[in-house]
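Only one structure is covered here, and it is reproduced in the block below.
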Amino acid sequence: MTTGIIIVSHVYEIAKGINRLLQEVASDVNIEVVGGISEVEIGTSFDNILQLIEQHPSDNLLAFYDLGSAKMNLEMARELSEKSITIYDVPIVEGSYTAAALLQADVANNVIEQQLKELHIYK
Amino acid sequence: MTTGIIIVSHVYEIAKGINRLLQEVASDVNIEVVGGISEVEIGTSFDNILQLIEQHPSDNLLAFYDLGSAKMNLEMARELSEKSITIYDVPIVEGSYTAAALLQADVANNVIEQQLKELHIYK
Amino acid sequence: MELFNEKIQQEKDYLTQLDTPIGDSDHGNNMSRGMTYVVEAIDTQSPDSLEALLKIVTANLLSKVGGASGPLYGSAFMGMLKTYQEGESSWRKILQGGLESIQKRGKAEVGDKTMIDVWAPVVLALENDGLTDEVIDEAVEATKPLKAKKGRASYVGERSIGHIDPGAYSSALLFHAMLEAEAE
Amino acid sequence: MELFNEKIQQEKDYLTQLDTPIGDSDHGNNMSRGMTYVVEAIDTQSPDSLEALLKIVTANLLSKVGGASGPLYGSAFMGMLKTYQEGESSWRKILQGGLESIQKRGKAEVGDKTMIDVWAPVVLALENDGLTDEVIDEAVEATKPLKAKKGRASYVGERSIGHIDPGAYSSALLFHAMLEAEAE
């Protein structure tokens, strides 16, 4: 079972930009992103997220989001998916960057978990 | 002396996207962003940051960045600028969003300071 | 739902205005977009049962609203659907199911200055058989002095005090529409 | 600087390769881009003093490198410039000024697996009058077993162990170039 990353942002460009940042340090990690409800409209949508999850090549997903409502949609999608999805309350950019760098370096899941815990923020 | 925001990201799209996210809740706050060393190249550059600071309409700036090297360039630029610049070690997206929402709501500077302190992460 | 949609479209600008001091000025657009899809879907699919209707509403709100209100209203109608499927048919029980779903999703409590602050008193009034337009409006007004603890409004803390919560207002439109539909 | 540039351009791919397991695979590109601007600026401006030269190098590294190494090498040359302007003319003192500047900017200590781990032993060897190519290469090798505490490599923690630090290697190229220039 491979572990991958999903990023859910309210904004199209943020999602795309994070993808580029992560690809630099983690070109072998499967990273899929979605941002906005369209390229111009800000928001998140449950369907887009569910679709992202289903089309993602990995079965074990570490999920990162920016604002609270993205988390609600992520949680709903998680309930409807068979995949194992962990949603992290960490900074979307810095948290996903850390996770990507560690996955690329083949670091054990529990170590990644620990590192992400240190980035926990209330959001 | 007005207070404004600057955002320094390694990636062009992240900076642009954060700007859109913040404009939604803080259309009256002066927000200036720079991302990447060009639209396609990832990184940060001291000159771009100094230029951003100098052209910013506010004299009191709250600065947000993504990764450590952006902070180093921000610090160098701060040393060369006359403006008052506070660099926050907080998540670039969530931290700047919080600051923008509070500035828009005319919240006192010390309260903003306190709220941002709660978002502190080691980076 | 027709009536609810009408009210949403009529009050779209007011909802957005409510979402300006304490949010991102999109609640009117969000609800209007979502409800437009809902009525369109009802039109084309003409559901022949309450169950079918609730399914359409749930799916469209979930995917088309865009803001926090999307998963929340979506969950509300999903909760109502489930309660109905479990054999309950009183509005009191069904709306109670909706309320619980919103709370499960959004983790807000009464007093956090959210739509919950309208849903909870409405369910309570139904228990006492006394749901009126006044009860609904009072609940909306009562969100004004509250300090927001959930959603975007919580970012501005103290500054959320003195403003009506937009989600509370849109929920009120839903319940007014229900009362009106019942009266017909 | 000509010699340093030659070495950087020659070893660009190797630097990038070093930056792959513990970084973002750009140290070669970063240094190559920065140094290309440096030599171009030297060419067109033909500085007639060490001071003028150091100014050109500083400005171009700061603005053109792009990575963490930009403000760090920029600070290094700025520190060297300042020390020289304060009347010091020995390489030992000047490089010491550069080292202090890097530390002020990057807050790394010896042992954090950064370029400091080459700069510090080089300054020390100069104090003892014994800077050789071997001293430099040994310092680079010695970064291998270290665990990174600063910069991007620190993200991968334990996994940074066993790899040479790219900034240490590029710094070594600078010092080899200096020795070569001196010998000429």
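When the chains are written out, they are named A, B, C and D in that same order, and each has its own residue count from 1.
Criterion: a residue touches a chain if its C-beta (ideal position, glycine included) is under 8 Å from a C-beta of that chain, and two chains touch if they have at least 3 such contacts.
Chain-to-protein mapping (UniProt): A, B, C, D = phosphoenolpyruvate--glycerone phosphotransferase.
Computed from a prediction, not measured in an experiment: that's the story for all the values here.
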Exercise for the section: Could you tell me between which two chains the number of C-beta pairs in contact is largest? Expected result: A-B
Exercise for the section: Can you check how far apart chain B and chain D are, centre to centre, with Cα atoms defining each centre and the answer in Å? Expected result: 29
Exercise for the section: Go ahead and note the Å separation of the Cα centroids belonging to chain A and chain B. Expected result: 23
Handout entry: Averaged-CA centre spacing for the pair chain D and chain C, given as whole angstrom
Key = 61
Fill in the blank from the handout: So chain A residues touching two or more other chains come to 24, 42, 67, 97
Exercise for the section: Any chance you could list the residues of chain D touching two or more other chains? Expected result: 24, 26, 152
Exercise for the section: Considering only which chains touch which, label the overall pattern as line, ring, star, complete or other. Expected result: other
Exercise for the section: Would you mind giving me the full set of chain pairs in touch? Expected result: A-B, A-C, A-D, B-C, B-D
Handout entry: Touching residues on chain B, where the partner in the complex is chain D
Key = 37, 41-48, 67-69, 72-73, 75-76
Problem - Of all residues in chain B, those that touch chain A in their complex - result: 9-18, 20-21, 24, 35, 42, 66-67, 90-95, 97, 118-119, 121-123
Practice task
State the interface residues of chain C toward chain B in the complex, per the touch definition above.
Solution key: 21-26, 152, 155-159
Problem - chain D partner contacts - residues on chain A that touch it in the complex - result: 24-25, 97-98, 101-102, 104-107, 111, 115
Completion exercise
Per the touch rule, the chain C residues reaching chain A in their complex are 24, 26, 30, 62-68, 70-72, 74-75, 105-106, 150-152
